[in-house]
Structure formats: C-alpha cells, structure tokens
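The following blocks contain the structures, represented as structure tokens.
Both complexes below contain chain A, partnered by chain B and then by chain C.
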Partner chain A sequence: MPFDFYVTVAVQGVLTGLVYGLMALGLSVIFGVVRVVNFAHGEFAVVAMYLAFLGFAAFGLDPILAMLPIGLGFFGLGYLLQRHLINPFVGRPEHEQFILLVGLAIVLVNGLLMLFGPDTRHANLPYGFDSYEVANVLIDKVRVYAAAAALVVAACLFAFFRWSRTGMAIRACADNLLGAAIVGLDVKHLYALTFGLGMACVGAAGALMVVLADATPMLAPAFTLLAFTIVIVGGMGSMAGALVGGILIGVSEAFASFLVAPSAKSMFSFAILIAILALRPQGLLGRKP
Partner chain B sequence: MTLKTSVSRRAVLAGAAAGSAALAAPAIVSAQAGTLRIGVLLPRSGLLAQAGQSCHRGALAAPRVLAELGYRVELVHVDTESNADIARTQAERLINDGAHVLTGAFDSGHTLAVAQVCEQRQVPFVVNIAAAPPITEQGLKFLVRNFQTGPQLVTNGLRLINSLIAATKIDPKRAVFLHANDTFGQAQRNAMDAIFPRTNMPFQLVESIAYDPRAQDLSVEVTRLRSLRPDLVLVVTRASDAIKLVRDMVRQRFEPMGIVSPGSPGMYDEEFYQALGPLADFHVSNLPWVNPKSAMTQALERSFATTNPGNRFAADGFNAGFTFEALLIAADAFKRAGTTSGVPLMEAIRATNLAEHVMIGGPIRFDEKGQNPNIGSACVQNRGRTPVVVLPEDAATMAPVLPMPGWQGRA
Partner chain C sequence: MSVFAALNGRARWLLALFVASLALAPVAADRYILSVLILIFYFAYLGQAWNIMMGFAGQLSLGHSLYVGLGAYVAAALWTKFGVGPWAGMFAGMAVAMAFGAAIGWLGFRFGIAGVYFALLTIAFAEFTRIAFDHMDWTGRAGGLFLPVRAEQAHQWWNLRGGPLLFYYLALALMLGALWLCAALRAARIGHYWLAVREDEAAARALGIDVFAVKMKAVLISSAMASVGGTFYAFYYNNLFPAQIFDMSRSIEMILAPIVGGLGTLIGPILGAFILTPLGEGLIAATEEAGLSAPGTKAVFYGLALMAIVWVAPSGVWPWLRRKLGLETP
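Right after this comes the complex of A and B.
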C-alpha cells in the first residue's frame, strides 16, 4: 500500500486528537487544581455543540468563530457553577461530588432531549467538502481548521498559567492549598476561575466538534468517557498530558480503523488505557502522587 | 327512617358479571364496530429517525386508502426511539392498552425484540421492514414478514448489478463492500459472503469493511476504501452514515464508477438529498420498490399528498409502501377472521393472498415460516434528487447512468 495512505491516516488521527485533547484539557485543568472530577464533562461539550449548531442555523455563524462567545459564556457558567453549586462539595466525600455531577449530567442530557429530541444536527459549512492536498496527502479543511483552533486555545491556556499572575496563583493553589491560603490568595475565587477556564475549554472544544461530527444528546456519555480515557492516559492534572493523550487516542483509533477494523477502534483506546493503568498509573506525563 | 338492604349471593354474582362486562367493554365495542386496533412501532427519533418518519408518513396515509377498500382500522403510533429496549417496552405497553396487532419495526434488532413480546402475548406481528434472516428462522408463530430477507435482498441486488453493468456497458474489475456493523448490516454481510461467490459477477470483491454507524465520521474508512482502488463501492448504510460516507469521499476526492447498494436504505432518503444536494445524484439502490402502475399505489400516493403535504411520495415510496402493506395485511386478515382474538387473527394473516397491492412483485402470501417469497426488486438511481426506477426495463422511467459524473463537475 502506498506510504501516503499511512501519512493521511496519521494526519487525520493527529488533527482529530487535538480537538479531543482540548476537550480533555478542561477536565484535566479542573481536576489538577480543584480536585473535583467533572462527570458532566461530555454533557457540557454536547451543550456547546448545540449552541454552535444554533448559531450556524440561525445566524450563519461559523462554529469555529462561535467558539469565542461560547467559550466566554461557558467560562461565566463554570465560574458561577463552582461558586454556588460545586464549592460546597469540595471538602466533602468523593462519592457526594460524584452523585452531584452525575445528576447534573443526567439533567443536561435529558434537557437536550426535551429541547432538541434525539435526532442528529449537522452544520453544513460552505467549505465542508473541501480538502488540502500536500504531496498526495489529502487533509479535510474542516479538520485542519478545528485542530488549529484547538491548538490556539490550548496555547493561550498554557500561556495564561505560565506567565499571568492569576495563572501562577492558580498553580500555587494546585501545588499547596494551605500555603496559598496563608499568603492571602482568595482560594474560592481562584477555584471558580479554574472551573470557568476548564469549562471554557469544553465550550470551545464542543463548538469545534460540530464541524467534525453531528450533534446529538447521545454523544455526551461517549465524550465523557473519551475525556476520561485521554486524561488518564496523558496524566490526571497534566495539561500537556491531555493534549498528548488526545493525539495518542486519535492516532490509535485512526490506525486501528485503517489496519484492523473500523468497528473495533474503541477497543484499542481502552487497551492503551489498561496498559497505562498497569504500567504507569500516573499517566504518560502525570506526576506520582 | 331506616333503609334495610340485603345482598343475596345471586345479586353479587350478577354484579360481578356486569362489572366484568363493563371492564371488557372497550374491546367488545371495538370488535362490534368492526375496527381493528393496530400498534405501529417505528423509530421516529434517534439514529433511524429519517427512515422511521418516512414509514410513519405511510402509516398516516394508510387509513384513508384502507377505508376506501372497506377496511376499518384504528392506528396507535409509537416511537421506538431507535432503541431495541424501548421497542420491547413499547410493544408491551401497546398490548396492555388493547392493540390487536402490531406492525413495524423497521430495524431487525428492534423487530426481534418486539417479536419476543408478541410471541409471549399471542398477538400477531406483521413486519413492515426488517431483513435479518433469524426473524423468520426461529419458528415464531405470531409473526409474518412482508419484506425480503437479507439473502433475498443481496441475491436480487447482485442480479440487478449485473443488469446495470450490461445496460451501462461499464467494465468494473474490483469492488469493496462497506457495511454498518448493526444487526441489518451484519446480516447483509453474511448474505454477501454466502452468495457473492456463487454469482459469477464480472468483478472481484477485494474486501468487506464493517464500520460503526454511530462513528463521528468515516474519514479513515474512506481512506482505507481509497487504498483498495475499487471501481464499484457496494454499501449497506442508513441515511446518516450514507451522508458521512459521501461527504468523506468528496473530501478525499475518491470517485469510483459507482456507489451501489445491493439492498439497503440510506441513499434514497430525503435527508440524504437535503444534506448532499447534487452530490446525492447517480447513486444506485437495488431494492424492492413501489409499483407506479398499481392502482393501489396511485391511491396511496394521493392520500400521501393529502396527509403529508410537505413530503414527496417519490422519496418515501419504499418505506411508506411497505408500512402501508403491513397495515393492509392486518386489516384484510381481520375482515376475513371477523375477530380480534390473537390466534384466529394470526391464522387469517398466515392465509393472506392479496393480488392487488403496492410494491413490485407477485401476490402477498406467506410460506410456512411466515415469509412472503414474492417480493420483487428494482434498480433505483438518484436523478435530480429523486429516486428513479432505471431497471428492469419494463418498469424503468429513465436509462441508468454509470460511471457517475465526477464530484467537481456538479453544480
């Protein structure tokens, strides 16, 4: 088989994996700082998909541009959610947090079912059928745009945590909560900011997913599971790990489809997950507890 | 003043009898009025919604035509939400609510789920569309199927591909079979594996690829397809994954001589035409189709136009036609049986002999397994975003066109 087919599959896997990675990044950021596992993560991503679809259907707004207002809206939503709903559960047993977020996930999915029904919705973009050809390698234009946008959002987030004073304060909370509180940092505010940032990632990723997949409420549990797989493979709490995990899962699924059987591709993602849990439980880029 | 009442044993018995009669009244009234209550189970939402809605429109058009033919039916429409578990529970609910016959359920997996309930409750089940062979291979006594089995679809589909090649004078050397890995798709794969080697087709089947119809896209599957360099792509799809398939073929600039379904939905659905526009044209589906020359088809088309003014019968003919015929079979059996009781009604259904009906083929009859063996197939090509019969010649309204024009040349 010509080599360019393998390159095509690898590129498709990397591009899809970057969008997956952005979605998982939100989960990783929230867990890394707030130590709350967002079991409604995929559900929020699907809500963002519907918002992007509505923006396109009603105003012709390109979902890649819609990523900005949706990300901002999700930031605000995440901030308020953390301050008023999740924060009281932060110090409580983990099973209570689990029940709270699973309950929220169920409310979101059923709300979407009531509002939109279970049918799929697709944004038929004018460039939806276009592709780039580079040295016999064909790459979908929508996938390139979505992956580029995911990279930009991830880079902004990295820069924020690396160089901004607020980002450094959040990292201080993640490293030493007691120390951060002693030096006078407003931990509740920083937690809410972090949750907001994680949600902004989910909102942006959801908007980008609309150009790659049809929106339906039934996608939500699959997205949550996918985000968990990626974060565990990459390393819980590691931002770079989320992107690396996303790319690894995207590429493994693509090659499994190409070389083995498309219908068995998920099996390979979970095989990687099991291998990581057995050989390197902290994930590829995670730190040992 | 005191009122002394005494209740005798006879009075209690009489009261109990009257109460029982009152409780049974709805069923008796229906039977006396000569109305058959039919539960219509279809996937009107979810993954199979497009096809389920299309069937539903046929069911909406049916009562008027059946009334003209002297049949009285009451339809209870239920959505199975493209979920076999929901299909099963909804079948239970319909029977509990007094349905005398069930019809549906479009999907083979859903149909098997409903069939189990009907068998337990001894309620007749007339399958409108579902091709998996096990449906009529399990010895079910309360089920008949007025639809081709997977092997019949594939056999007729392949035979028509031969006719198509002869009519268009193309010379394909290689083909790939791409199918969804759901119950229907797997049944078609099994049929293809068994039948293709015996058919002496002029091309080689180089590979069969199973895919998940719930996949977010089919880009890698299309890359795999492209790497195999087939002249013909044989597909078993649903509308949503047929759209993804063509979309990714266009993106990857893959242009085979033709995309042909040897018997599956997807490429003649309205959703397919709307999503792809001109890119939906020239794809071929070989499958049972409505007979435009039948008087009953024409009556159904008129009723369809009234009950579904926003939809085209041309695009819904397959689903609407088979759904109508399932209701026709039940109504005709009820008229002959004169009762809504499950066992005699089922006997009447099995004795069906309807020469006049809607779909191409011989009289509707059922063999000992409950299968109608007389259903024919046609070669239907999308032209101007409308499914048009191009073969066999006696039913064709246009000549087939293959190789299909390139993607870029379309408006």
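Right after this comes the complex of A and C.
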C-alpha cells in the first residue's frame, strides 16, 4: 500500500510538473533569444489564470479549452510589449531591464488585487473530482488533461522552432545576432515574435494552472521564482530542459508537500536549485557556456 | 577626511547644509514626518550596503533581505531569549549574516556564476531561509517574534529602547556613517579593484587582481552592513515576521533607491530613498484622498513610476542632477 501511495504522489508530481514546465518554457524561450529576463513572468501566468477563471465562471468555458484563446491573446500582447516597451531595453544593463519588468510586475499583480481582491478563486469543474485508477494508483483526471494539453503546446513549439523557416530564423538570431542582421533578418520583428511565443506559453500554462490551483494575486511572485528555478535546473536555452526541470520540481514539490508540509515545498525546490548551481551550473540539459 | 577634501566648494556647502538641516529637523517636524524620515534613512543605508555589491563590484544580488532578516532575528532572539543587548546582538547578527554571505559568495564566485544566475542564487538562499524561519519553533514560526515593550526599560537608550527621536538620530547616523564608509572604500585600493572587476573581470585578472578575494570582500562588507540595518529594524518595529523581513519584495524594495538614484554613485542611494519613500507615502495619501481605497492602488502607481523613471533616466537621477547643480569634480 505505501508503495502505491508513493507512485501516486510521483505521478501527480510529474503531471503538475509538465504544466510548470510549459510556463518555464516561455521564460526560457524569451531569455534564450531576446536575452531579457522576464521578471513579470509569474504575474502574466496569474493574469491568464484569472482570465481562464472568468471564462469558466461567466460562460462555463473549460479552462483547458480556454487555453487556446488566452494563448493567442497573450501572443499578441507579447508581440506588442516587446515591440513598444521592452525593445528599447534590449542590450542594456541587466539592472535597467530588471527595474522595467519589476515595475510591470508590480502593476500587474496590484492591478489584479484592485480588480479581484486577495481572495482565492476556485474553478469548480464538473469533472474536478474524477480520477483514473490504474493498478491501485489514483490519478486526477484534471491533471491528466492539463498535462496532456501542456505537452501538446510544447510539442507545437518544438516543431515550430525545429522545422519552420521563421523558427529557424529565430534560432539564427539567438546563435549569432550580428550574422542574422547582416543576412537581412528583421531582428526586431523576430524578437517580438519570440516574446509573443513565450507569452503564449505562459498564457496557456496559466489557463491550465486554474485546474490545479486556486487563483490569487499572491501566487505571482512565487510563480516567477518557480519558472526561474525550473529554467536554471533544466538548463538555460534548452527547451527540453525546461520540461525536464518542470517535472523534477513538480515531483519534488509533490513529495515535500506529502512528506513534510505543503508550506515547505518550495524550500526543496530551492535546495535543488542551489545544488544544481554548485554542481552543474549549466543545468541538467544545458550546454557548457 | 580625504573624502571631504575631494569635493568642490559648492558640494561641501551643500553637504554641510543637508546634514545640518536633517540634524535640526526634529525641532520642526511632527511624528509622522519623523517616521517618514527614519524610513528614508533606513532605505538609504540599506541601499548603500547593496550598492557596494552591485554598484561597485558589479555583482547583482536580489537576496539582500536575507542579511537584513538574519541581523534582525539574531539580535532580537538574543535580546528576548537571553537578555543580550542589541550592541552585542548586532555583532552576532553580523557574524551570522557574513557566514551566509560567505557561503553564497563562495558558491557563486568559485563556480563562476554571474549575472542573472548569481541573482537567482541569492534569491534562492533568501527564500530558503524565509521558509526555514517560517517553520522554526524557537523564533515563533510564521506567527512572528515580538520584542517586549516594558515601561521600566522605556529609557534604556543604550539598549535601543526609546522613542522616535532616538531612532531618528540612530538612523541618521547609520545613513551618514554608511556614506562615509562607502566613500572611504571607494577611494581606497579595494574600491579601485571593485571597479576594475565590475568593468572587465578578465582584464582585472590579467592585471594580477585576485578577483575571487575582491568579490568576497564586497559580499562580506555588504552583508555585514545589511545585517546592522536588520538589527535596527528589529528594535525599531519590535516585531518580526519571516514572510515580511525575508520576502523577495523586501530585497527589491532595497535596491530600488540606489538604482533610481544612480547605481555606483555615493549619493545615489540617499537621493533615491529621498525620491521613492515620499513617493510611496504621497501615493498612500493621494489615493486615500481620491477615495480609491482598493488595496493595490498605491502600488500600481508606484510600479508605473518605476517604469517611467527607468524609461526617462536609466542611469539614475544623481548623475543628471549633479551636472545641473554644477557639482562635477573639476
């Protein structure tokens, strides 16, 4: 019996971790190409959570479907943000970008606080308590759906970067910015596209997150840190690394909540982060710098 | 006093006027103004401490709340549990904060972790410690640690028990002391090493500078200074909560003043604190006046102000103001 219990906890952790991974993927893509650290990442995830919650509360729209319009909307938002707000800060010192995005994060999280207050919002899905039973292991249905959706989005992104011409052009910008500009790539446009794609990831992940956690503005800074931790653990610039890191952190959180205390779960994530930085600074799947 | 000698005539007058008016301010100011000024001095002091790390040595720390929190908790715990006075407690807090600073510095600098990665390492340590204190019975867990306020100790100023005036002059002394210390460090050999490392680490190494030792000195001095600020905080507010003092938003709050004022400058942290703290306080008053009582209103404007400042004056207000006032050293 205890063994089945551990397997259950591990499976739940993996499924949650995939959604975390998708959120971190957004951050990784943006940093890998634009070289701007999106310190408002978790804040955007929580904005998406609220949008998904509102869609569910007002129209009964399933958050897993709401992922599509929210992701699209966030893509547009990200494109405009990069084009008009962040682009002038590309290549500037880190602390200047940091202030800009921290300012944005403060505006977002407190805007949510003004509009919705500090209370948690729970999307009560009709199948919220259903679960699958596979050989004595209980698996929440919502987690399976959310994880599958996250995997699909991540796969689309992989395919885009691997095979589409635009994706290749973006990779060219990341590899050699000067070279990309010389051969005539429109770097500004590609940067904005990349930021949009990263934002689409975080929008989709935020929508999925509604089925896993209750929405509250207080989650935002914790999500930003979570995304960072995952990206560094998995390896900055490695897309597969973000998913692997997400799974690792998801499993560690699940076990820490179960064996120690839910409030102590991120302590173990930070311990993993410190260990990775000391032993393998480039991350699990990262290339040596 | 080589620090003072380096200033031109007008700058000396302005500095003297500034110090004198602050020393005399309690005559005219009411309790509220005094409390705002204490807050300004406190943030100017902490900004100065952080500025050594980032402004001088170029190491981005986003976890300075760790050192403040340790300085606060160690001194407060020694006082409440064993009756050890704040002066001894301050040194104990410094020792603990420096030990943590050394651990972070060793991990970060030994393995060549820089920039965003180093920043994340500092955040990770601060958050780790916050959660640890949240679960530590000895310091009251998340429920907080309270310093008793007893009538018979009310005038023990040597134990930092007293009214706003005591803390006003203490905070002023901290701010001015930090300014003097940073000016001295900046002018000393180590200050030049820091700038060399900040500007080009490889070149500094090629010149024979022990980059690791130079960075370690920055993190040790900075963490020690920040912990003293924490001891002040503990005895001024008389209550400590891990979720407040160790929180990442505290670290961010701390670094805004030097960045807005002018990173790497001596006056920047002070000027930044004099801009941002009244801005925050003014926004509270203004939003109340306008009847916008929803929580978060003030912070939204604060965030917008930050974005506007970094948009308009990315290198800080002081370099611009210094030119306007004609204080450029000849």
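General observations
Simple rule for what comes next: the second predicted complex is superposed on the first by the 281 of 289 C-alpha atoms of A that agree within 3 Å, B and C clash if a C-alpha of one lies under 4 Å from a C-alpha of the other, contacts with A are read in each partner's own complex, and residues count from 1 in each chain.
The rule is simple: a residue touches a chain if its C-beta (ideal position, glycine included) is under 8 Å from a C-beta of that chain, and two chains touch if they have at least 3 such contacts.
In this text, all values refer to a predicted model and were calculated from it rather than measured experimentally.
If you put the two complexes together on chain A, you find that chain B and chain C both fit without a clash. When the two complexes are overlaid on their common chain A, residue A:Asp214 makes contact with chain B while staying clear of chain C. Legend: residue contacts after superposition of the two complexes on their common chain; A:Asn176 is shown touching neither chain B nor chain C. In the superposed model, A:Asn136 makes contact with neither chain B nor chain C. Shared-chain residue A:Thr120: touches chain B; no touch with chain C. Touch criterion met: A:Pro2 reaches chain B, while chain C stays clear of it.
Contacts of A:Ser164 after superposition: neither chain B nor chain C is touched. In the superposition on chain A, A:Ser263 makes contact with both chain B and chain C.
Legend: residue contacts after superposition of the two complexes on their common chain; A:Val37 is shown touching chain C, with no touch to chain B. Per the superposed model, the minimal spacing between any CA atom of chain B and any CA atom of chain C is 5 Å. In the superposition on chain A, the residues of chain A touched by chain B in one structure and by chain C in the other are 117-118, 261, 263. On the chain A side of its complex with chain C, the touching residues are 31, 37, 92, 94-96, 98-100, 102-107, 109-114, 117-118, 217, 221, 225, 228-229, 232, 236, 261, 263-264, 266-267, 270-271, 273-274, 277-278, 281.
Residues 54, 60, 107-108, 111-113, 115-117, 120-121, 123-125, 127-128, 131-132, 134-135, 142, 248-249, 252, 255-256, 259-260, 263, 294-297, 299-300, 302-307, 309-311, 314 of chain C touch chain A in their complex. Considering their complex, residues 45-47, 49, 81-82, 181, 209-212, 214-221, 223-224, 226-227, 240, 243, 247-248, 250-253, 275, 279, 407 of chain B touch chain A. Put simply, chain A touches chain B in their complex at residues 1-2, 5, 8-9, 12-13, 117-120, 122, 124, 128-131, 133, 138, 140-141, 143, 209, 212-214, 218, 253-254, 257-258, 261-263, 265.
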